[in-house]
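One structure is given below, represented as structure tokens, and several questions about it will come after.
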Amino acid sequence: MLGIRDLRVSYGAIEVIHGVSLDVAAGECVALIGANGAGKSSTLKAICGIVPVRAGSIQFEGRDITNQSGHAIVRAGITMCPEGRQVFPQMSVLQNLRMGAYTRTDKEQDDDLDRMMDMFPILRERQTQAAGKLSGGEQEMLAIARALMARPRICLFDEPSLGLAPKIVAGVFETLAKIKAMGMTILLVEQNSMMALNLADRAYLFEAGRIVMDGPAKELKSHPEVVRAYLGH
Amino acid sequence: MIIRTIAGAVALAISIAAGPGLAAEKKLAVGVADALTGGGAVYGLPQANAVKMAADEINAAGGIKVGADAYKIDVIAYDDKANPTEATNAVRKLIDRDGVKYVLGFCCSGSTSAVASFIAKEKAVMLVGNAAERSITTQKIPNLVRTRPPADYTGQAAGTFIARKGHKRVAVVGALEVGFYSQYVDAVEKELKKAGGEIVAREVFSLRDRDMTPQLTKIRALSPDALLVVGYVEPAAFVYRQSVELGINVPRYGFTSGSEEQFLRVTTSEQMEGVWDLRPTELTLLSASKNGIAYHENYARIFKASPSPSSPYAYDQLYALKAAIEAAGTVDNTEAVAKALRSLPVPPQVVMQYQPVDGKMFDENGQAYTSNGAFQWQKGKWVFVEDLPSDAKAYSLFLGTLK
Amino acid sequence: MLIEILQQTINGLAIGGVYVLIALGLTTVFGILGIAHFAHGSISMFGGYLTYFLMTGYGLPLIAAIPIALAAGVLLGALVEMLAYRPVRHANHINAFIVALGLTMMVEGINLQFFGHEQIVIPTTLSRVFDIKGVTVPELRLYVILSAILLVAAMMIFVEKTKTGQAIRAVAENRDAAILMGVNVTTIPLIVFGISTALGVAAGIMVGALFAIAPGIGEGLVVKGFAVLILGGLGSFPGAILGGTVLGITESIAAGFISSAYKDVIAFAVMIIVLLVRPQGLLGRAP
């Protein structure tokens, strides 16, 4: 479904991703794990067209989307739930959710809105409140629901647990598991490697802008290197 | 040798063809400093036009005759934007660079006063037009004369007129930060008080103000029995319009000297109906003499617009200058010309109706007086209703006592 | 006294409406692009001049000239964004600032060249006056106030209820997130400039009909517009509406009850006092 070949990304003169290749199949949940600054988030941003691709290619459903503009990529079916939630703080919860469906023209948006609020009852409760007034966990729920409102064919999650209390993190991952169970294709970037590997089918391990290991999540979880460096007890 | 002879013959032939008779034809450059753009241009531009028109007429009639010479007039006009600095620069340029000895125009008091402050030191003669600030002719500047009477000369007559109408509580809104407008109001107040009346409000607007409803609302709350509007045409027109919009239903008097055209750009004729303008009897068709009617026709034909009522002040400057130069018999001796101006009878070609003092157009202060008139807006036109009671001789004596 | 206060309030509402329209344009542009669009006033006055020109030059009635001028405003705004501001979009902020100043001078020059230095008054036939228990409301002012309310309401509905309007808000609040929602951040500034300029043109027509348009008026209005933004709270729509209305009425009441000579001074003094008490403006959020 999503195929990346020899991706290189640089910020100014500094290259941060040095030739990354990865694949995500339809219905799969793939995690990118690794230390802070290893290039996981930059990879997601490159897919979404927020940072320019210097070399390599990104294919989605057989189409080349390398360096297409951000809005075209969303229309192609790729949605990202960004790091730090990035809700629209002065807009209401409802308006935020509707912004998620910005590219859609079908008539089922209200049904989806209902579904999202069933899934996240807190959003129904707070629907007229300004999104900026929600707690961090609630904002994360809103960001996830907003991403799903686009009816994407693949949903990218960038550090959904960042800055949240452990109890809330567990709730977020429960939600992600539910979304996965609905059959959504997921590409997840997460520093909490244990939670990510528990959720994902497959995973790629990033180190300093390169992929150093990949395979089924279960295998990575028990790999001594991974255990020592990322799952350390 | 042959070539020189031919050239001489050609030159002679040209001078015979061009000049009347055998007199040698010469040029006399006359400067105009006036507001050609900006807020003062409603007064200044028509003045500059009027000077050019007078020059063309004089040239067509043979020019200014001094002895055997006839001088054709060249008009050099500079824009002083009614600004003192610009006016000073314009006159300096005229005198120093263009070698001009006679400067005309001068519609606006601030810029005119600036030039008046140094003109006494120059070998030049300054003729002031529409600028109404009194102090311009209280300084006894020997080489300056003014065709328009000072504002309070008219204000005194206006006050008498308003008092005779029986008004006791008059509210004023005007450009009172400008000296001559407040002098006009002071003179009105003096006459009102004599008759037991008073001025109940003095509200101010500036040249660029267009919304006078706050001032008028304040005035409305005082229930005056008359409104007096003194100031430049453009803001004054808005005052008249907005007074109707606020339902102020009292007789309105003014001191603006705007033409019908200028008012109708801002107001409807209905909004102006019944407004009085108490001012020098300037140019309006109904009060106009034969000269005035001809002036109006010629101006309208040449400039494709009606002349502003005050524009003949400048037109008359040039005819007065012509008569003075001819009487003095010199174009170079400006002192003699200045002197001749002060002993000049009113020339027959002038448009305004001057009231000579002791038979002279300009009194010893260099000031001319016109009659003052009460004009009323009736169905889209300024109508001359009556002369205002004014005494030029008495005012001239009073002016002479001021510093 | 009460009638006087009410009358002064009505007096101030019309010019307040003009301030609101100018400020809404400025705040929308500022919100999306972070640009202090100084040329806004001069371009707005261009619209007023254009209306006058269409009426006197081509004999169009006011009602026909207005939509043409508004459409020209949309077009002009889009052009300004494309030709003036887009090239400096990613450059240092000072660049956009200088472009804004240069643009102001250019538009003022164009206005002067095309329409002259004389003041122009847009002629209307609206000269009736309504008298409500001693408070008079001139027909023209009433229409100006109503049109301003209508335009502001239309703008609010557009921003709150339409997708494009929501996208404009979203870009203003979080540009990157808006891209992730699929918002085309190249066309949004075009739309914003188009709408803002049309609102400005409406304000220009109102000024031209109520008062007069002359060189320098637009620059004065843009200063008032920014004062309104600061008074109401930067980037706040309701703040711009409240701020503009407050400024218009304050000016009128100050001129009526204190002195017309200090109208502007008093208005700015009120602004400074408000900012001392609420540095974020009337409706701005605390930082």
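For clarity, chains are labelled A, B and C in written order, and residue numbers in each chain start from 1.
As a working rule, a residue touches a chain if its C-beta (ideal position, glycine included) is under 8 Å from a C-beta of that chain, and two chains touch if they have at least 3 such contacts.
The structure presented is a predicted model; accordingly, all values stated were derived computationally and were not measured.
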| item | value |
| --- | --- |
| Chain whose Cα mean lies nearest the overall Cα mean | C |
| Chain whose mean Cα position lies farthest from chain A | B |
| Euclidean distance of C-alpha centroids - chain A vs chain C, Å | 42 |
| Chain A and chain B, separation of their C-alpha mean positions in angstrom | 81 |
| Residues on chain A engaged by chain C in the complex (per definition of touch) | 48-50, 69-71, 74-75, 79-80, 82, 86-91, 95, 98-100, 102-103, 146-147, 150 |
| Chain B to chain C touching residues, read off their complex | 37-38, 41, 177, 203-206, 208-215, 217-218, 220-221, 234, 238, 242, 244-247, 265-266, 268, 270-271 |
| Contact set on chain C toward chain B in their complex | 1, 3-4, 7-8, 11-12, 15, 117-121, 127, 129, 131, 136, 138, 140-141, 210-212, 214, 216, 251-257, 259-261, 263 |
| Touching residues on chain C, where the partner in the complex is chain A | 160, 163, 166-167, 169-170, 173-174, 176-186, 285 |
